[in-house]
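Shared between the two complexes below is chain A, which has chain B as its partner in the first and chain C in the second.
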Partner chain A sequence: MRGYLARKTLVYGLTFVVAVTLNWLIPRLMPGDPVQRMVARAAVQHPETIESMTVYYERMFGLDLPIWQQYLNYWGSLFRGDLGTSVWLFPTPVSQVVLDAVPYTLGIMIPAIVLSFVIGNTVGAMAARSRWLDNVALPVGYLITAMPYMWLAILLAWGLGVALGWFPVAGGYDFGLVPQWSWSFAADLLHHWVLPFLSLFLVSLGGWAIGMRNLIIYELESDYSNYLSALGAPRRLVRRYAFRNAMLPQITGLALQLGTVLGGALVTEIVFAYPGLGKLVLSAIQNQDFFLLQGTLLFVVIGVLVANFVIDIVYVLVDPRTRTGLTGATA
Partner chain B sequence: MTATQPTTGPGTEATEQPGVTGAPSGSRKPGGDVRETLYFALRNPKVLVGGFVVLAFLLLGLIGPAFLRYAPMDYAGPPMAPPGGDFPLGTTTFGQDVFAQFVAGLRSTFLVGVLGGAVAAVIGMTIGFVAGYRGGLIDELLNMLTNVVLVIPGFVVLIIINAYLGVRSVPMQALYIGIFSWPWVARAVRSQTLSLRSRDFIDLARLSGVGVGTILRREVAPNMYSYLFMTFVLLFGGSILTAASLDFIGLGPTNAMSLGLMMNQAVQWSALHLGLWWWFVPPGLGITLIVGSLYIMNVGLDEVFNPKLRET
Partner chain C sequence: MALSVTDLRVYYRTLKGDVKALDGVTFDVADGEIMGIAGESGCGKTTLGKALIRLDNRMRHAGGTVALDGEKLPIADDAAMRRHRYREVSLIPQYAMSAMNPTRKIGKMIRDLLAAHGVRYAEVLPELERRLALVGLDAEVLKRYPIELSGGMKQRVVLVLSTLLNPSLLIGDEVTSALDVSSQKAVARALVEFRDHGFVRSMVVITHDISVLFQVADTILVMYAGHLAEKAPARTIIDEPLHPYTKMLIGALPQVGDRYDEQQLSGIEGRPPSLLNPPTGCRFRDRCPLAHDRCAEAPPFREVAEGHQVACWAVS
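Let's turn to the complex of A and B:
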């Protein structure tokens, strides 16, 4: 078990360094100059003013230092929780903007992931080896999985939002309300939450169901299942063993899926103008606010890594083989 | 990655299992039973239906433009015209022909699928073969690399790359998508290579003194052709979905029309509130049908290649 955790920690540590380095490096390969762009935005003509503004911004963003020092400073400020300053919402620090948006994204992501995982696995386990359900669930599951996240979101927004008028299609809460702790605000928040959650949930559902169905079929063909059946064990008992074994790859799959679901959450939020990280990414791109974009995405990457790590620890609890040092999950 | 593992996540696990049992037991001669494979493929409804849908869209994308009167971006007709008459899929708020955009979008969709899938397949298979066959330190290093890329949320890195470096053509977009969607392929191929490595026929090949490349190409790979092909199909679908998401955020190629871009524009110009369903339904439906058919075809192919799964 110690070896397993040590290996995982090494991988995540390395991934973290690579991700941060990529995040630092890619913008510096970009043609064009953010400082010039900001100076141009101020629309001043006076050359001395431009000069001093350029120097001011470069000093402020630390662009006048040698490249290795910029890299070290980047790490330094990262550990201080300083992700820079937003250009779009100048002088708000990026970390503040990001923290304001995070609850919305987590609010739709966590319920969608958990519910789709639980329900998808249950449906998949039932569908395996049940001809009628299988014939319905399988094609539907594949079609749902094949849907682009934003298309389902668009369809829901149009159908349930615009055409039927059941749910609002834009924003995290009514524009007339001020965020506060009150029942009416909470109800409004929930009302706006339904559609983004639903579309994310539905797209994730199909994949889990299909994966579980295939794994159960595979497990039911294995030796221990045949042996149990030969001993005369009831079908339900055999299936229960199969289910527990099939959960292991599904949990690994959950870790791998996180990045994808997150991408789905980002585009879903954009469709519903939901004030989470996805909307932030879009605004950052449209306003060419690269500090905000970089900070947001770095935050997201760290979040995914942490969640992955947590799932790996859960895996140790679920799979006894990793505890005794046998070959369970490969690191 | 990215939206690439989207579906491939659980989907992969799924197809991986039958593949694992299928390949090693495959004492089948490579290429020797093409006719048998074809026989079963042509009698498998999943392969037939899936293949038919994909081919139909491909054909529409290839020869469709020849029959169009308007270019995708032309202000061709009356704005917001519903489907019918001159415009089979209606027009946008600017009077652009939705059908022309759809056909042009299909082209980029297939292009990004094939190229992105191919890039990911080549990287993943190369790393998987080498890591699995050579073992030792090389395996450790490649495995570490695979794990690192596997955990990085590829879609996020793609956003950064697209936003900063400005991806302005479909092949560039496909290249970047491919670079971040190979890890699960490498893992799966590695584990299969590992199980083949100690077989007698590989030892024999090694004794005969041929190089590593030749052994991998002529002895190892043919034993998992079926699996490799199915892997490519999954990567193909994954690339299409990733590209659609990127295009939708507005980070797609600027010199081409794509299905994701159509949805981007539809949302941007409030087609939802104006009720212009013919603008945003076809592109998403096209993607769903293409990718869904690919997946269903893959299930069918699994049954074709793996006799255990065939329904009698």
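Let's turn to the complex of A and C:
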């Protein structure tokens, strides 16, 4: 287990370094002079501001320094939590802009992942033994899962938002409101949260349900299920084992899904103009705000790495087969 | 009589029609008897074994009865059969290598199974450990996962587990087929020992490796294409078989340890008939050197000597 942890930590650490390096390369690989482009994009008229911004960015990029020093400096400021200053929202620090957006993204992602996983697996397990439910859940599941994120989001926005008018279709809260700690603002937040959450939740739901159903059916036909039944074990026990074993590949699936769900969240945010990281990426690109783009992508990468690391650990804890693989089986 | 099977028929439902894998078999197994079942692959051995404990959902009970210790077993009724499983009839399945839940410690799995039968694990534990020791296993295996055991160890754990509640009848399907020769010997010895200790009253042992059958079986039942050909004490089957098929089966095995399912039987031309639409009369007719007109009628499985039954018109 210790060796395994060490190995995993090393792999994730390396991945992180590569990701940070790529991130550092982005503005440097862009054609043209990034500083001039950024300053130009900032559309500031005042000559003094232009002057100070140019100097600031030159120093920030450290283009006068040798390349290795630029790289080391980048790491240095990274560890100080300094991701530079946003051009688009000048002079707000990038870290501030990103941190403001993170709760919105997590706010739709985490409930969508957790609820779709729990409900999807439950429905799938029930469908595996109920022909009626199977006949309904399966086609519906296939239908929603096959839908691209964008599609379902647009459909929901149109149906529940525009046509029925139940939910607002844009923003994280009403544009007329000022963010504050109050019940009315919280209610408004929740109201805006429903559609982005729902579209993310629904797309994952069908996949989990179908996966679980198929896995359970497979487990129920496996040798150990047959042996238990032959020894007179009640169906309850056989099902309990089958469910537990079917969960294991689902947990792996969860790890593999994270990237997709994140991509889905970013797209969903763009559709609903939801003020999370996805919308930030879009705004950063539209405004050629490289620091913001760098900072946002860095957060996304860190998020995915941390989540995968956690799932790797959880998996080892729940599946004894991986554990024995680690210590070496004794014949 | 521990086990009494009468005119048992079990068919497989398929799209083309019923596969008559077990088509009217009648035999008895006495108290304390270890009966081996021999026959080419596909002759219905596994079907017979499963019919005695649990039909799978493709199998159909088409007729006949099974009685154990004088009580009729409701083999077609899965729910009613549950009461008899494990305590009265138990099984070592063909797939013993993968018979245990891979994600549960062996001891925990046994605890769950016993609890389902209303037996407390703690009460049986001393006996369980004693029996594990008997087959050369440390009680420590209970704390392991199946994947941590070798094939031979798993086979022995399954043997102990399957017989833990002292069933009247144990069905062992290909108990030794997946093992290397030394493990085979150990498991074969354990089977006989378990009978001798009274952990199991009677056994039906199905195996491809006829040499193992000679080692463990008191009597041998030879099957051919869903029918019975011959049943006799093991020595009689080896030394003076009467049915032409048995003779060929024995003759086709010059070396102990040869497996007759993996090679075409050298002495026997042709293949067994399809069980989808089996021919009437003696099913061995096409391959039998002694076949004659009378063989168009199915020969009865009749006693020709004390404890020796044969289904063949050429045997007087």
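Here is the rule we use: the second predicted complex is superposed on the first by the 292 of 331 C-alpha atoms of A that agree within 3 Å, B and C clash if a C-alpha of one lies under 4 Å from a C-alpha of the other, contacts with A are read in each partner's own complex, and residues count from 1 in each chain.
Just so we're on the same page, a contact is a pair of C-beta atoms (placed from the backbone, for glycine too) under 8 Å apart; a residue touches a chain by one contact, two chains touch by 3 or more.
None of the values given here were measured: they were computed from a predicted structure.
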### Query
Given the touch rule stated above, what does A:N226 touch, chain B (first), chain C (second), both, or neither?
second
### Query
Once the shared chain is lined up, is A:N245 touching chain B (first), chain C (second), both, or neither of them?
second
### Message
Tell me which partner touches more residues of chain A in the superposed arrangement, chain B or chain C.
### Response
B
### Query
In the superposed arrangement, which partner chain does A:V162 touch: chain B (first), chain C (second), both, or neither?
first
### Query
Once the shared chain is lined up, is A:P320 touching chain B (first), chain C (second), both, or neither of them?
second
### Query
Between chain B (first) and chain C (second), which does A:V178 come into contact with in this model arrangement: first, second, both, or neither?
neither
### Task
Would you sort A:P234 into first (chain B), second (chain C), both or neither based on which partner it touches?
second
### Summary
Shared chain A footprint, chain B vs chain C, residue numbers 331
### Query
Any idea which chain B residues touch chain A in the complex?
1-7, 9-15, 17-18, 21, 144, 147-148, 150-157, 159-161, 163-166, 184, 237, 241-242, 244-245, 248-251, 260, 263, 266-267, 272-273, 275, 277, 280-281, 283-285, 287-292, 294-296, 299, 308
### Query
Which residues of chain A touch chain C in their complex?
222-224, 226-234, 237, 241, 244-245, 248, 319-321, 324, 329-331
### chain B-facing residues of chain A, complex
11-12, 14-15, 18-19, 22-23, 26-27, 29-31, 138-139, 142-143, 145-152, 154-155, 157-158, 161-163, 169, 206-208, 210-215, 218, 221, 249-250, 252-253, 256-260, 262-264, 266-267, 270-271, 281-282, 285-286, 290, 293-294, 297, 300-301, 304-305, 308, 331
### Residue numbers on chain C that touch chain A, as the complex places them
53-54, 56, 82-87, 90-91, 93, 95, 98-105, 112-113, 116-117, 145, 147-150, 158, 161-162
